[in-house]
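In order of appearance the chains are A, B, C and D, and numbering begins at 1 in each one.
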Amino acid sequence: MSYYLTVMAMYILIGIIAAWGLNLQFGETGVLNFAYVMFIAAGAYTTAVFTLGHPSANGTQQYFWGTHLPFPIPWIASMAVGAVLGVLVGLVSLRRLRGDYQAMVMLVVSLIATYLVSANTGFLNGQTGLALIPAPFGSVHLSELNYRWFFVAVTAVVALLVFDVMRRITGSPLGRTMRAVRENEAAAVALGTNVVKIRLLTMAVGGAIAALAGAIEVQFIGAWSPAGWTYPETFGLFAAVLVGGRGNLGGVALGAFLVQGLFLEGTVLLPSLGNPDLVGAVQWITMGVMIMLFMWFRPRGVLPERRRRFATEARSRVPLLLVRAQRDARG
Amino acid sequence: MNQVLSSLGFGIVTASILLPAAIGFTLQFSATNVLNIGFGSQMTLAAFIGYVCTSHGIGLWYALVLAGVFGGVTSLLLNRFLLTPFMRRGTTFFGMIVITIALSLVLEYTIEAIWGPVSVFYPLSTGGIVHVGAMSFTAEQLVIIGIGVALALATHAMLRYTRTGKAMRAVAGNAPLARASGVPAQRIVDLAWLLSGFMGGAAGVMLGISLASVSFTMGDTMLIEIIAAAVLGGVGQVYGAMLGSVVIGVLLEESAVVLSGAYAPISAFVVLVIVLLIRPTGLFAGTAKAKGVAA
Amino acid sequence: MSDRCDGRGVRRGKLWRLAAVPAAVAGLGAMVSVATLPGASASTAHASGSTLNIVSFVPFSGPDASFGDLALSGCYPAVYAVNSAGGAMGHKLACTTSDTRGDPVDAVPAANALVAHSSNVVAVFGPSSDEALSTESLLEKAKLPTFLMAGLSQYDYQTNPYYWRLTPADAAEGVAMAAWAKGHGYTRAAAVFATGTTSQGDGPASINGFKALGGKIVANVSLTPGQPSYNTEVSQVVNAHPQVIFFTAPADTSATFFAELHQLDNGVIPPTLVTEVAEEPGWITAVSGAIGLPTLEKQFAAMEAATPPTTIPGWSAFHKSLYASPTKVPNVSQYVDDPFTLSYYDAGILVALAIDQTRSTSPAVFDSAILGLATPGAGKVVVHTYAAGAAALAKGKKIAFIGASGNLYINKHHNVAGAFAAVSEGTNPHRIALVSATLMAKAAA
Amino acid sequence: MTPVADGVVAEVERPAAAAAAVASHRTEPLLAVEEVSVAFGGLRAVDRLSFEVDPGTIVGLIGPNGAGKSTALKIIGGEVRPTSGRVRFDGTDLVGTAPHEAARRGLVRTFQLGGEFGRLTVMENLLVAVPGMKGQSLLGALAGKRFWRASQDAEVRRARDILSGLQLRDKEDAYASDLSGGQRKLVEIARALMARPKMLLLDEPMAGVNRSLARRIEETLSSLRAEGIALLLVEHELGSVERLCERVVVMASGSKIAEGDMSEVRSRDDVLSAYLGRRR
């Protein structure tokens, strides 16, 4: 039972971290990164090859290169790979393309990546994927269960760190510029914003966060294969961001929590329903309808983006009394 | 060399299926600016309607037409009663994508609920092979090519020579402006969705013939190829979609010759990305630029 | 075994997370309720009369959804046989399911849920190759008898006492292809494999095996599933003029490939060797629809673990239970001769007998009895049904159970080293002949 | 139209000095558009357009619909790259530089329609325009509030001053998308001012704005000139143009057909036929 709780906690935390990264790209800057799951995969594979050791040590698995480095180096390497990949993909698709083209090209890029890994079995063990990936913190001596809770705790700390980074970025002038790019690219350019730079930055930071989520996930699961990062997976994360409330870190976390949480429970609840084929289909149909209802009734998400007000300090030339009056008027 | 030539023939067959599908996709996109992820599922649904027709003794090619009509009508209704209301509510470009994903879920699993997860088949003749140089085609493949080309020509003629077609181009170019100049935009949009649904439906049946089976994930699996063909030509550009279909169709087959089957889709998509790097709005970028939409 | 391919159109994956949201409140409620369940562990003794579960832990959705029915097809008759003889130690058995969706990311929480809710579980049928490696460490902790569906070579020499594999490895299928082709005097073969997990196992095995036997691979073609056509790949095969084709691909891809091969080759399809996957109803329907049933029946042969002749008493008992069981999988007649179905039926009975023999429903106790029960030997009464076995045990006799699969010959790695047979394709599959063991040994060397 | 002689080093004019420089034509123009052309497909949207704007002056760019005024503005602002020709601003050629460079050098444009950041508040709209504010880089943002708070506060105060001047002080926390069309235009002007521009390119700031707001905009624009900011004004409201502009450039079918002060231009027949003739 406790094992199960650790899994739920982990998946929710990982989902939240990934959703925050996506929120920076999509929620703040408005980049439609339909290849987002590819960055999670890049992080997962990076950590895998940085922990599995030399390929010859894993006779049955084929991968192009491998080594074994202690925590947290694999995670940091993953973030670096995610960031670099983000810049590369950004250079390809963001620099010159229109928004809708960007979205479609990203979709195609994600697909290319899945195909590449599947087709080339010597690269990352093809469709079978990599397995037996060791868990981090080898030196910690704890019982199995306590180890897992320890892992959850470390992930929670990482999530808090990511939250802090996200909060700093979104609350800063940089975050404001990102939202300006999202709202009106042409106007942002006309005011001197280097939109390309902002987008690439977003791709790099978001890519690093996604890769971090993948790195944690792969060491928790211990395996990773192309079936786990097909392009529709990205849509699921987008849904978490949209449902929770794009541009609102709390909302995004809530969205990820709801989506991941129910997903986990679903695996328990689903089988008991009998004849898998028809029931499954009916459930899917219901879910499709539910999404539409959600989009109709809560178009800005459960927790919409907050309006950012600027507290007026005493230093301001506006009399304090007036400020108070305004505040009261707003309720 | 021989292999390259014969694969060219196969590429033409694939292109002929992509052709109506990509035209349909791009028509929808240009008329309403909706990136319809559900397009593949709509194709599949029409393909299954075609199956219902053939299993009731209707000839395959009549079934194709009926499936096309069915596809057109459902497409029109979906736009009218599902997508348009969301658009009116101010749902964003991405929000609309999520709606169409949900739509594709509903359609796909409705199909599964009705017809089950296994494939169904059209009655196909096991006739001989027609050789054209190094290329060889079955009778059905020749008809598929014929239909694909005919649909493309018909679209061309309509856009070029009819009032409706011109109005459609105007709406695609700039909907508010077209409306201001007296084009009945809603009617044109309806028509665009009707037509694109018809194209998709026909393509669905053609795909079912080519695949020799019809399954509930069929159209969805094709979606990326369709999008690639549309993007390659320049989204919203009907002629671009035609060119894109041919390029993608031929590339898919030829790269299987040059590289290997495992890499065929990769190379087709890589070419797409490279083309877009050189021409950021697709091969038919000219008009898009004139409209001021391209940077 | 697995034929998971590129995953396009794998909508049932986690896209569901997207869809799952609206019922979120319900989900939260459920999580709380799960959290407050008593933390029963798998090793507690069960109250008399409580139901014991056999969980089928395989994909029930996604491209490999057919694995679900495969596991259940063996579980249902076993459970019926046990229950109609009064149950194992008075406990009724039941078949439950846990959907892995066929990818590690989804399988891990499913495995955890299985472990968490395992208090009444006595056996696991699965996992398949899709999720075996990623869930291994979790299932190991559960200490439940686990009957693998995975043909991965990683399990050839496994040492986990709770893991059992009563069907052959993927690679063996490839080796059997090579041996069968050689045995028929073929020297030119085309290898056609879809990118996928199984193909990674049996593809190289068939190619290397055939070369080792002096054959020539004249075309080596890989198919990416989900393409609108495979004409180019087909013509590569046709132009190489192979005498025999080694083939593995999922149903839809296979239908398209063979339809096009049929057309391009003027209705001629060379003898084609396939694997277990191709005995699944979905595959047969798809390919027979594409090329016609007669061609399929005439030209195709599937390499399978050899099932015993249907005259043996164990099989007759299985056959009776299969049809008598009130719960059946769809198209149940497709499974009468499926080695997986047979081995899962046997596994179910063995588990029940082990419970009876050890007088314990605790897997830690009864798991170790399975090997002895499956192995005939001096002083053991050979039984072919659960009822007979339970009765003999009640009288204090030592028994060996020879079930639907015949003698399993389970080795110390809990693997079986059974013979291979070529089985015909079609609606009424039958054995063509056994594959030469000598040639297989040579090919595998 | 004397082309700028090579080797002449442009002096960066300070706003205070700029007003004094108005009368003197010997000084370097702030903006020099030189033989600029652009073609879309076969269509020449702008054809060899040349004109200059001196520091601290207001120049009107007028002409019938489709004359190429907006395109010309986009070229100058860096949004559209000309097929040929040069745009010299403050001594450097802007053609070929990144589109955001113009603004960085002090040349900021406003939009005819929809230039606001809709789901940003008015205050945020203004703050986005501040060049080189602390906390706009990744490291600055990560350094946290303490690092950039003071510099932002100063800009917030400046923004409030500007908003007060435009009587928009009470709209500070409103989303830009919730404002009226005229108010949005004012926000755009206010925002452009936050960028500390040397020159503004204004695309029909008076279009679709009610009379009293238009009046306010007009007043704002002339006070900007008083501060030494040069303006290039594309406008259909010829009354405003006449009141504001020292000089107008008349375009038709992509080319300049006349240049001079309003009364002078108005009397010319070719202008009348091209402009008014087509307008009816």
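Here, a contact is a pair of C-beta atoms (placed from the backbone, for glycine too) under 8 Å apart; a residue touches a chain by one contact, two chains touch by 3 or more.
Keep in mind that this is a model prediction, so the values were computed, not measured.
Enquirer: Treat touching chains as neighbours: how many steps, at the fewest, connect subunit C to subunit D?
Expert: 2
Enquirer: Could you tell me which pair, A-C or A-B, is linked by more C-beta pairs in contact?
Expert: Here the pair linked by more C-beta pairs in contact is A-C.
Enquirer: Which chain is the middle one, judged by CA centres?
Expert: Chain nearest the overall C-alpha centroid, as shown: A.
Enquirer: If we define chain centres by averaging CA atoms, which chain lands farthest from subunit C? Would you check?
Expert: Farthest chain from subunit C, going by C-alpha centroids: D.
Enquirer: Which whole number of Å gives the spacing of the CA centres of subunit A and subunit B?
Expert: 32
Enquirer: Could you put a whole-Å number on the gap between the CA centroids of subunit A and subunit C?
Expert: Inter-chain centre distance comes to 36 Å.
Enquirer: Subunit B to subunit D: how many Å between their CA centres?
Expert: Their C-alpha centroids are separated by 45 Å.
Enquirer: Cα centroid separation between subunit A and subunit D, in whole Å?
Expert: Distance between chain centres, rounded to whole Å: 41 Å.
Enquirer: Which positions in subunit A touch two or more other chains at once?
Expert: 111, 115, 118-119, 235, 238-239, 280, 284, 287-288, 291
Enquirer: Where in subunit C do residues touch at least two different other chains?
Expert: Only 8, 11, 15, 18-19, 65, 195, 222, 224 qualify.
Enquirer: Can you list every residue of subunit D that touches 2 or more other chains, as numbers and ranges?
Expert: If we look for residues of subunit D contacting two or more partner chains, we find 79, 99.
Enquirer: Note which residues of subunit B are touching subunit C in the complex, please.
Expert: 3, 6-7, 9-10, 13-14, 17-18, 101-102, 104-105, 108, 117-121, 124, 126, 128-129, 136, 138, 207, 210-213, 215, 217-218, 220-222, 224-225, 252-254, 256-257, 260-262, 264-265
Enquirer: Touching residues of subunit A toward subunit D in the complex: what are they?
Expert: On the subunit A side, the touching residues are 165, 168-169, 171-177, 179-180, 183-184, 186-196, 201, 205, 305, 307-310, 313, 315-318, 326, 330.
Enquirer: Which residues of subunit C touch subunit B once you look at their complex with the stated criterion?
Expert: Those in contact with subunit B are residues 8-9, 11, 15, 18-19, 65, 195, 221-224, 226-233, 235-236, 239, 251-252, 255-256, 258-260, 262-264, 266-267, 281-282, 285-286, 289-290, 292.
Enquirer: Mind pulling up the subunit B residues that touch subunit A in the complex?
Expert: My answer: residues 29, 33, 35, 82, 86, 89-91, 93-95, 97-99, 101-106, 108-110, 112-113, 116-117, 224, 227-228, 231, 235, 260, 262-263, 265-266, 269-270, 272-273, 276-277, 280-282, 293-295.
Enquirer: Using the touch rule from the top, collect the residues of subunit C that touch subunit A in their complex.
Expert: Those in contact with subunit A are residues 4-8, 10-24, 26-28, 30-31, 34-35, 37, 39-40, 60-62, 65, 68, 96-99, 101-106, 108-110, 112-113, 115-117, 129-130, 133-134, 136-138, 141, 152-154, 195-197, 199-200, 222, 224.
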